[in-house]
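Read through the structures below before going on.
In the two complexes below, chain A is the common chain; its partner is chain B in one and chain C in the other.
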Partner chain A sequence: MAKKTTKTPSGAKRVVKRNSEQTKKQLENLALSIVKMAEQAQDPAIAIPTRSLSNVSYNEKTRHVEMGGNKQSRNFFNYGQAKRFMQTMLVGSKCKDLIDIGKTASIRQIYYMSKHTIKGTKEKTFDDQSESDPIIEDLEVAIDTLREELHVFASNRGNLAGPITLVDDGNTLDCSAMGSAGYAVPSICEPDMIQFKKCKAKFILHVEKDTIWRRFHEDRFWQTHDCILSHGGGQPARGMRRLLRRMHEELKLPVYVLLDNDPWGYYIYSVIKHGSINLAYESRRMAIPDAKYIGVSSFDYDRCGMSDDVKIELDANDVKRAKQIANYTWFASKRPWQKEIKKMLSNGFKMEVEAMISKNLSYLTEEYVPMKMKDKKQWLD
Partner chain B sequence: MADQNLVEKSSKASQMTLGFGGVQDVPKAGSSEFVGKKKVTAKEKSAPRTGKAPRVRATAESMAKQQREISVSEFFAKNSHLLGFDNKRKALLTTVKEAVDNSLDACEEAGILPEVEIWVKQTDTDRFSVRIRDNGPGIVKNQIPNVFGKLLYGSKFHRLKMSRGQQGIGISAAGMYGLITTGKPIRIVSRTSNRSDAHLYKLAIDTKKNRPDIIKDETIEVDFPHGTEVTIELVASYNKGRQSVEEYIELTAIANPHATLIFHPPVGSTLNLQRGTDELPEETKEIKPHPYGIELGTMIKMAKDTEAQKLGAFLTSEFSRVSPAVAKSVCAKAGVTTATWVSGMESPVVEKLYRALQDTKLKAPSTNCLAPIGVEAILTGLLKGIKAEFYTASTRPPSVYRGNPFQIEVGLAYGGDLGRDKHDDDAEERNGKREPAQARVIRFANRVPLLYQQSSCCTFKSVLETRWNNYTIPQSSGAMPRGPLVILVHMASVWVPFISEGKEAIADYDEIRKEIKLGISECARRLGTLLKRKKKKSDFSKRRDVFTRYIDEVVEATRSITAFNKEDFRKSLIALSQNYTAAADMEFDDHGKVVRKAKPGNDLGLENTVVVSRDEEWQGPEALFEDDTPKKVAKAGAKNTKKKKKRKK
Partner chain C sequence: MAKKTTKTPSGAKRVVKRNSEQTKKQLENLALSIVKMAEQAQDPAIAIPTRSLSNVSYNEKTRHVEMGGNKQSRNFFNYGQAKRFMQTMLVGSKCKDLIDIGKTASIRQIYYMSKHTIKGTKEKTFDDQSESDPIIEDLEVAIDTLREELHVFASNRGNLAGPITLVDDGNTLDCSAMGSAGYAVPSICEPDMIQFKKCKAKFILHVEKDTIWRRFHEDRFWQTHDCILSHGGGQPARGMRRLLRRMHEELKLPVYVLLDNDPWGYYIYSVIKHGSINLAYESRRMAIPDAKYIGVSSFDYDRCGMSDDVKIELDANDVKRAKQIANYTWFASKRPWQKEIKKMLSNGFKMEVEAMISKNLSYLTEEYVPMKMKDKKQWLD
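What follows is the complex of A and B.
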């Protein structure tokens, strides 16, 4: 799939050529189809597969959330879509430039590259990065390619520590010796970027965010338990998910997930396990159907004898979201999950992983997680 | 509260009947006699406070001494508010109004294009001298004292014909009011032709006897060939603005574009409103009453007064729409024959006849007795008097209420300078503090503007009941529509049902309200169509702006992805943009018709509508109605199209 072409001796930035030739072709085809539509006096349009719950389905066999065939037409001569159409073409042209010169840019850089004042007006092509980010995703699905093939990457998000040695962009890194912050997981974790060299870990413990990860890291959890410890800073970005998947697949490491006991935590688990709704087309590369949810469960409040202080009341939004999640096809058929969500709703409160620290600082790493790891019955699948 | 109102009303009503019946001392005797049962005790309790000694009860004989006739003039002198003289300000307006109405009626009847000149001069702090001169046919010498010095004397009461005056009270009441408040007699100069002398009269009114008191009667030299000049001095106050003499004259000019009106106010410059058309309103025919519109009493009286001897002749000659065949069947129903002697008929028989007539299906009265202002004249009047952008008018087909034919006309003026005349309001509106001003309703009955009692008028209610939101004019429920809008409503009828003698508001008959609402809807629909068209146009121009702005971006971006002919692509995109936003190219002609169509089938010309671009130099209504022949109108239109077309962009 990927091939490195040039390799400059001094370790200077290499020009990476992935599957970009094909992506370039697809971009050109998109442009040509638009020109052709205009020539034939048709409203130029880009067909963009819909990225929403209505257009995803759960594949029982692969246990992936997959994107359906629904497409939305983005037309230029539509008052409400004209600007986004223009923006899509603009981002497309910038990606083409990146492919041509063989460099990559962050999604923020894409935003700056595409942002300018429209000639003769005071209007800017983009007002905010929040406009350009979804455009990049639109473009990915529209021409059936991936972000990195468009030479676009996101900022690093998520860290990892543990007894694993890997090669990142030619540099060999021992993740058990990366200091207090651990190894920062890049946005692109494809095999041409990262190769695994040596691994002594027996499993992966993925936690929700940095603060909890620090707790585990400081308590040297990965050392005592021979595991890889990672976090995604909330919902894990594509880089983190891709790396987890590759470690799971290539190194045969089981993945355990420790998240907050709230609808948001449930969804993060769902994303890691089955893929996200927004990026359903990425599921085949990123989903880890065998991942297990070890906590925090709504039953843990009683099970661990927590104090009232850790309760955070559910608000209307939480309740709504929890019910939505319970209705996702990939949750609907799972009894334990239905029980779990029901329990949270009947509890009327949610808990963060930090709740476990309220007992004492090391309760989480020394008692709670080991207890959870031992008792498979407490896991949620 | 409601109870008390009722009592008050009934006592008022009985006072009036008493007044006519002949009891002089109404307030004292009347009050305790006519209050309801509950009130008697209360009144009795308070009685000792005012009275000193217990009163000796009146006997029939002692009361008989006080019972005598009241003259009409006496009654109205006491109740001048019934005639529109409630306050000083209104007194001035009513005086001018009555005189001008009479002048216009007289001119039209004589087939003269009216030219009425009005002077209002201040003679003392609260005294004004009002002088009105017309170019009418003049009044025959020996009728002058009666016309001006006697109440309820006139040519218009005893006939069913469309005219401004109805009762023959107006001008003599004004004279009487002047006399009462200043002691000055009414001064009349009239000349019937340039071959005869002009007569000068000074008249007072003997209110007790309701007859003129001639103070001066002489022949004088005047500088006008024919016409009448009336001078009345009265206690009054002069104001500008709403419900002023000025407003009355301006509105009169709108409804009477064939009249020239010149007004010399006590202060400020002369208002000179020249006529906008040389066409007199069509002469109206007098009609006989329609059986549906009369009361039994009237019919009994008619049976007494008729010259017809046989019943059949009476029915066919004294009523409209009663043919010999109808008369026959009516008589049969009443159990008499057409050959019955009218003079021998008893009241019960007349009543039977009356009922038979009401039960018989009769044709609606003929409507040639009505002379509507006409769409073109309304438009001319509106164009002349109101600075707006959009004008439309509609004349409804004649209809009938209670046997009286009537016809409704509606005009709308929208946009332009309307609602912008007050700069303080304007500033507030700019700051978004205020909603747009309420629409203004201008009301006319037989071409006479109605300035008072707007909210009790049938026209006003009809405006409120119209669903303006359907025509894109904002209106909160139960309120007047808001926006730069003037709504003109005219009712033409042989007998306009006013709610009082002051002729200020039209009574609320279902038939009338229905017609008014239909007229308003018709006009409002046209306005709505134009507003929607204009909105569509501006929406599409906005769209085109957006597309045009992005075309270059799209071309450049696409071109940097792959190679192709950039210019061709740009051209086809621009062509597409023009095509998709073709509605932005809509242009309207003077009548709101789409000149350049967006798509076939969008060509709904708005009939009876004038659209004026106030951005351009305004040439006056003449340019729009140069001639009646369609050919020439078209030509005139073509000549002016460029100037008055809605500005593109």
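What follows is the complex of A and C.
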């Protein structure tokens, strides 16, 4: 891991540690191959793996949603592709600049950095961020890297608490003593930014929302159960997914997921476990195929003797989404998941994790989850 | 400050420190007054200050958006009010329970805790959370407290970094070494939860979004300029506003605000400075009348020699909102604000803070903001 010391004009020193040398090399190679084609009087072109649904499949062996081998050529001497060719080069060069100076930028900042009027014309390089975002994804797949390695970050979202000490940006942090909102998980969780130091946790409990997380944190669930307690503020952002995966893989921690009993909850689980369909190329470094869904299950209404206060009627969209999810290749072959989704449809209602609080404030943390953790038969795989 | 040790069933001990005894007393007094009215064969009633726009005004002296003195009586023997009367009592009793056991709940959790079928009927106490949320606000104003003192929390949002050491839930945290996402500001920032220990910062720079915050944090702006750097993830949540106000008041730190040059940015500033119109009763403990708006100003386009890459056309709604904000009592009498808003309208475009990055990645943190900090004439009050 290379250490680089940069000096800001104001004199403040900081150590930038990044292992993006490989990504930089790949960017340079991409540029050199274009130059070579030009010199050989060929039409400069980049091969970009297709990111459409038709090029996505489920790999039974790795249990990942993966991108297939289809590629498209993006050519300079093609009226329909020339602009996007130029944009790809431009964004690539901005990413190389970021790696060179050891700084990062958001996708919106990449847009502003890359936008300008093309000399001698009234044409802008980009008219809108909706043009630059897909170019970043194109680059990721073209040179087989993650946007974090291109020094581009998404919004940060999610927190965790528990008996783990990690080093983030050079700061050693004991996540069992980070205050009432816990450790803020950053958008970039690559090994050169975050290293694990000490961990006494035996598993990870990941919950959907920050309000539920606070209930568990206030009840010191992570202390009583020796675990890491995390939330993603809904669909977990890339940073949280990457960190969960790294803790699972490097620290050998099982991951248990507690989400709402609705199609959205099922979908979040699907993304955490197998990867996302839209960004299938990330699965390899973000998916956690061994993650288990511990609740809330459609069977918990009867199992836990809930009152009808917790029922939220399914609407037409819920029913449609539930059926779509039941047909996902990775759920279609699993009987327990088919039964789970069928039961929700026959219930005619969905339930939130918060529903468990309608019994009493501590039922969720002191009875429901401990009961779920004990009885493996209740887990959905 | 009372210390209370609670024991969870699993045996884990934790210290709950809360100074909510006064709020509890007020809840009890409210209940006792109802009992007394019933015993005296009067119609039990609660006086609830009106939370409508008609009862909100700007106090020139305190420079707060404040709630006026109008009150409405909520009676038990009134067909149109009986249900809400019952709901008010119910939510009040749940809040008292929370204070008693030293735990907190989200507004959604309060809804689930309070919802049940009324004995002998098929009637629910609440049909929807949209019924319980306003009841919490009613209670806040009726007994003159903050929801945080009722042990009810909102979502947490926002982070900060800088040379300040604080104690949060018993954990001592050095906010200059909290990792790449900084200290996560919790939803409850009352003095019994958070205490300030050491502070070397000279001012607070509050920015709108986390992506901009990251740019400043990565450039170690807070180190170079001895300041606290915070963001609210858009409109700052109650926790962040309360913490900003407390740092401003208790640590005597000036607050500078950097927001997008659009009506939404103006509005965020208005709320931070004078309080929100919807929740005017909070101003007294959340508003920061001395906060300064340092940018982005409509005049910065010419002043900083920006290119037209940064222009985002105003739409009809922007124009309407800008005119509304110009007419706010607290802006109407200020010539610089009138000029600022007029200039935006004549520009015909708005600009984001990110726009400053179109010059180069460091322009924002190394030139633009230092220039703004130096020249007080550019501040808007």
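Going forward, the second predicted complex is superposed on the first by the 262 of 381 C-alpha atoms of A that agree within 3 Å, B and C clash if a C-alpha of one lies under 4 Å from a C-alpha of the other, contacts with A are read in each partner's own complex, and residues count from 1 in each chain.
The definition used in the following text is that contacts are C-beta pairs under 8 Å (C-beta built on N, C-alpha and C of every residue); 3 or more make two chains touch, one makes a residue touch a chain.
Computed from a predicted model, the values in this text were never measured in an experiment.
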Task = Kindly classify A:G305 by the partners it touches after superposition: chain B alone (first), chain C alone (second), both, or neither?
result = neither
Ask   = When the two structures are overlaid on chain A, which partner does A:L27 contact: first (chain B), second (chain C), both, or neither?
value = first
Task = Please work out whether A:F85 is in contact with chain B alone, chain C alone, both, or neither, and reply first, second, both or neither.
result = first
Message = Between chain B and chain C, whom does A:K96 touch in the aligned arrangement: first, second, both, or neither?
response = first
Request  = Identify the partner contact of A:E39: answer first if only chain B is touched, second if only chain C is, both if each is, neither if none is.
outcome  = first
Request  = Check whether A:L173 is in contact with chain B, with chain C, with both or with neither, and answer first, second, both or neither.
outcome  = second
Request  = Could you tell me if A:E123 is touching chain B, chain C, both of them or neither one (first, second, both, neither)?
outcome  = first
Task = Give one of first, second, both or neither to describe whether A:G69 is in contact with chain B, with chain C, with both, or with none.
result = neither
Query = Counting residues of chain A in contact, which comes out ahead: chain B or chain C?
reply = C
Ask   = Which parts of chain A are touched by chain B and by chain C alike?
value = 97
Task = Provide the residue numbers of chain C that touch chain A in the complex, in ascending order.
result = 8-12, 14, 97-98, 101, 103-106, 108-109, 112-113, 115-117, 124, 153, 155-156, 159, 168-169, 171-173, 177-188, 193, 210-211, 214-215, 218-220, 223-224, 307-310, 352, 354-355, 357-358, 360-362, 366
Inquiry  = Quick check: in the complex, which residue numbers of chain B touch chain A?
reply    = 543, 546-547, 549-550, 552-554, 556-558, 560-562, 564, 568-569, 572-573, 575-577, 579-580
Complex contacts: residues of chain A adjacent to chain B = 27-28, 30-32, 34-35, 38-39, 41, 43-44, 76-77, 79, 82-83, 85-86, 89-90, 92-93, 96-97, 118-121, 123, 125
